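Each of the next two complexes has chain A plus one other chain: chain B in the first, chain C in the second.
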Partner chain A sequence: MTLIRQYLKALWRGRRLLIYTFLLCFALLIYLPFLMIALKSIGRGWFGRLWLPPELTLDWYKWAIEVTNIPEITKNTLIIAGLAVGMATLIGIPTGWAFGRYRIPGKELLMAMILLPRMIPPIAYALGVAQIFYRLHLINTHFGVALAHVAVCAPYAILVLSATFEGLDERVLEAASVCGASPLRTFLHVVVPLILPGILSSMIFTFTTSYNEFTLTLMTYGKDTVTLPVRTYIAMGEGYWEVTSAMSILLVIPSLLVLFLIQRQVAPEKLVGGFKGV
Partner chain B sequence: MPGLRLENLSKRFGKTVAVDSLDLEIRDGEIMTLLGPSGCGKTTTLRCIAGLLTPDEGEIYLGDERVTDLPPERRGVGLVFQNYALWPHMTVYDNLAFGLQLRRVARAEIQRRVSEALAMVRLSGFEERYPRQLSGGQQQRVALARALVIEPKLLLLDEPLSNLDAQLREEMRFEIRELQKNLGITSVYVTHDQAEALVLSDRIAILHEGRLVQVGSPAEIYNRPGNRFVAGFIGLTSFVEGTIVRQDAAKGYVVVRTRDGLELCARSDVLQTGQEVTVAIRPEHIELYPEEPAVRPAETNFLSGRVLRGAYLGDVVDYRIQVGEWILRAHAGTGAILKPDQEVFLTIAPDRITLIAV
Partner chain C sequence: MRRGSPIRSTLITLLMLSPGLASFFGLFFYPMLVTIVRSLRPEGQQVGWTLQHYITFLREPRAREVIILTFVLSIASTLCSMLLSLPLCLVLRQKLRGHRFFRLTMLIPRVVPGLIGALGLLLLFGSRGWVNLFLMQVVPFINEPVRINYTVPGLILFYTWLYFPFTSVTTLSTLESLDPAIEEAASVSGANRWQVLRHVVIPLIMPGILAGSVLTFMAAFGAFSIPLVAGGNYRPLAVEIYRQIDFTPARWSAACARAMIMAALQVGFLTVYMRVLRRPVA
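Up next is the complex of A and B:
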């Protein structure tokens, strides 16, 4: 008993060290793979046995950009993401408005049905999407791939936007109209500034979802609609791990940019700005 | 010229009648409180006046102008909401300036009026703050300044103090009252808090189930409640029921006898023998004696009863006393505390008793 007690006491005294060790392990778990890819993409003749690559090079990036036509693929990815964001937002605004601001019988059930495409295994869902798209000749079109993405993007948009609209206090709008603002002015000067952060964060979320989407793209893409994740997957099959790593790093850059945007987004008044002049 | 006139105003939501043919006139420069329990239609009435609701029937006149069909933005009234409803994305300055900018007031004039309004609510120097950086009381004062800065013809206040803590609430009552008097602005104040209504109103309109029950000055409402509902709603009241059996026309007194033989003398010039009445007695109007006084005070009601229980309230003790089959509440000083089951003697001055015809 005393031994156990002494052991526990020692643990307690060293708790700070324990916590740091745990956090370090956790960080390694998350960042180590990323670090491996980063090193692989700039190293030559490195197979993970040495601590650092023996020779540094940017050749893999050159390869990745030249051989795999990155500009074209990035363009595809951005067009598809743009279309998906547009469609998801267009669906999300009215649906989110209805969910957030009206009492709808069976609201929970409806919400569950909207979230369903995110619940079932993506590969199974993608299989069904592919079968339908082949018949409708939507395979290998930007619109088709984007439409497939909407199935997973729109639930995000609806979820985020219904929360945004639910948080919009009716009395704040009434205060504007009593104060002398016509419905249009109320919309422009009060409604828009208050919902804009929500719409932007919904757009950012749907953008990253579409940008990183793999399974649905794999089942609906063609030679004209190769996206970055799919191309990375193909490069892996070709056996050039260094090039694949370089592409992965390139794939990360826009996601980082978006993450940066989200960080700023936390302070809405910086994004929206005050109301100056009518 | 009246400040505001409501004629036969009615508003229904589905099958429930929220406001039922309400007629009310608010004088120019007066502050009137719409008082009643929740669901009495007071907020619905206020929202109709503001234009946020369209009445099903009736007319609303602001001054001489009929505004029944005007949208809220063209009525030129100021409204203070219970939850303040400040625009969270605007600074205090912008919150106040918005209404003036909509009215195309010149920039320099806007600056002058905004700082004037902020000084009025003692918030000078808070121009660049956002509402979330202010305390509840400060937000409420900004809301008040925002309603006043447009120099409205009418100021509407919808339970503006109910989200504040007790001490601040009491302070703000006086502040609002003083502001209203200084500006001489016709105001309608909605509350369910009778103390608030008594402190800040010129007149009180009591609403019950969508209907107007009584209108009068705070003293009138308190001392001469028009019916049992008003008497029960404003202040504490004990009720005794009986029939008028005698009257002394010369002195203006009547005697009410209850079914268990209790007799109470009260002042009334209008009620006749045979009339069934409810007798309303306030706890502070009952004097308690632990022992039978040697000399009975003349011209007063003298009763005996038994203490049921007492609640110590700090300044007074609130007793429930069984008199015959009735239970009367009485407030007495904390000097000698009466015990339950103790016999006690009560006197009630006839002038202090309110009779309500049944």
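Up next is the complex of A and C:
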């Protein structure tokens, strides 16, 4: 009897080990590519069957900053992302409010329509966006690229914000007005604090989307509006993998920092979800 | 909250909806319309109608290859994502030590640009990458580097890496909203752990897994950056479209025709898929 119990215990322990092995393999699969990029970006003469680069150098970062003009490109990327976040939020707040709080006939259908840009391959409408923007001379302007990003960012902002506004409890607002607060006071002191986290998370998510957006940027950029992902692509095409790696590290660190910083405030799982009841 | 005449409230609702509708029509509907019209115009002209671009593309022997490749890549990576997500979520649900860390890990492919993921994977699985070094040193009979990059299985692996979070996050959230009482009831009734999993948990979370798989499929079908840099000679539809306008003279009409074919295929497949999904559930 004790033997069987011991055997079961060992199996139980083995199971835990198995689980951790599985999780470890999974984590390795996710993180090793970044480690490889990091090693590539600081290594020199890393050829043949070597596990680690034989010589360390920071030259590639110097190249990335001087030759490919990273500061300028970062400025472009941030301006475009900022504009896109601003526009998406301005679109998302009223529309999200209407979706979350008003009774609209055919709401489900309307919402499905708004979300359609996230279901059709971006390249299909990116072609149309590019042609329209050529006609309107919006190609190669920060505003134009940001506007193209709004096509994917706005549905996202509307979705997150409408969920936020839907969760706003009517009774709290009534309580405020019963206690004698004017509508303005209610808005400033009750509504704003309640919806601010939702707006912030929508802004963070649209920022990430715009910061990483590649397809729509590739169709609308010009020489003055190169963004970091597009520059990385160009550098990969040029074949300087070390410099590309250095640029990638510079590009990826802010994304990862944001993820680890915001994980406690906003559920980052929302970043990938989005479609209720698909 | 608002009490006014019905007409006024309708107007207010419309006014509030208008920015969203404007962005939808201006940035999605109108561009799609432009794409459709352009695909029906003779190359480089603003007048006349033709179906030439559709016919030329569909007659090419390459067309079938491209379409099949696109479907193979997206369906295979969707299946792989489901196979990876299910055990992962079942494990993460137990709230082991460090489960928060693994939850975040799960999201990482979604917060970094796809290009960088592709770059890292190309380095990792390249002939001089760590995976091949490991295989050559540990596994006997492997003395030559295994070709992973620029092959179809490699691409499926890359796609899975990039797009599985859609499936796993949806699966995990479904799993966590599952009432533990149901499982308890099953095990009290004498079902062992495996039976509970097989006959109770998995059927109950299946809708969540399938919903997530739809997201993964859509993303994989429209994937552009990964096959662009890591595809090599394998070019799915999105890359094929981009190649039409990457050269001078750009062939916009041809690109638009291919884009319409791609959109139609995706919508068609999704409609069938949803129909199949709904049948047993509804």
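By definition in this document, the second predicted complex is superposed on the first by the 246 of 278 C-alpha atoms of A that agree within 3 Å, B and C clash if a C-alpha of one lies under 4 Å from a C-alpha of the other, contacts with A are read in each partner's own complex, and residues count from 1 in each chain.
To be clear about the criterion, a contact is a pair of C-beta atoms (placed from the backbone, for glycine too) under 8 Å apart; a residue touches a chain by one contact, two chains touch by 3 or more.
Note that the structure is predicted; figures quoted are calculated from it, not measured.
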For A:L58, select first, second, both or neither according to whether it touches chain B, chain C, the two together, or no partner.
neither
After the superposition on A, what does A:R185 contact: first (chain B), second (chain C), both or neither?
first
First, second, both or neither for A:L194, with chain B first and chain C second
first
Between chain B (first) and chain C (second), which, if any, makes contact with A:A112: first, second, both or neither?
neither
Give the label of whichever partner, chain B or chain C, reaches more residues of chain A.
C
Considering only touches as defined above, state whether A:I91 meets chain B (first), chain C (second), both or neither.
second
Does chain B (first) or chain C (second) touch A:A176, or do both, or does neither?
first
Both chain B and chain C touch chain A; at which residues?
268-269, 272, 274-275, 277-278
For a test of understanding, state which residues of chain B touch chain A in their complex under the given definition.
50-52, 71-79, 81, 83, 85-91, 94, 98-99, 101-104, 130, 146, 150
Any idea which chain A residues touch chain B in the complex?
169, 171-172, 174-182, 185, 189-190, 193-194, 268-269, 272, 274-278
Show me the residue ranges of chain A that touch chain C in the complex, using the header's touch definition.
19-20, 22-23, 26-27, 29-34, 36-37, 40, 46-51, 90-92, 94-99, 101-102, 104, 110, 113-114, 116-129, 131-132, 147-148, 150-151, 154-155, 158, 170, 173, 208, 211-212, 214-215, 218, 228-229, 232-233, 236, 241, 244-245, 248, 251-252, 255-256, 258-260, 263, 268-269, 271-275, 277-278
Give the list of chain C residues in touch with chain A in this complex.
1, 9, 13, 15-24, 27-28, 30-35, 38, 84, 87-88, 91, 96, 100-117, 119-121, 123-124, 128-130, 133, 136, 161, 165-166, 169-170, 172-173, 211, 214-215, 218, 221-222, 224-225, 228-229, 237-238, 241-242, 245, 252, 255-256, 259-260, 262-263, 266-267, 270, 274
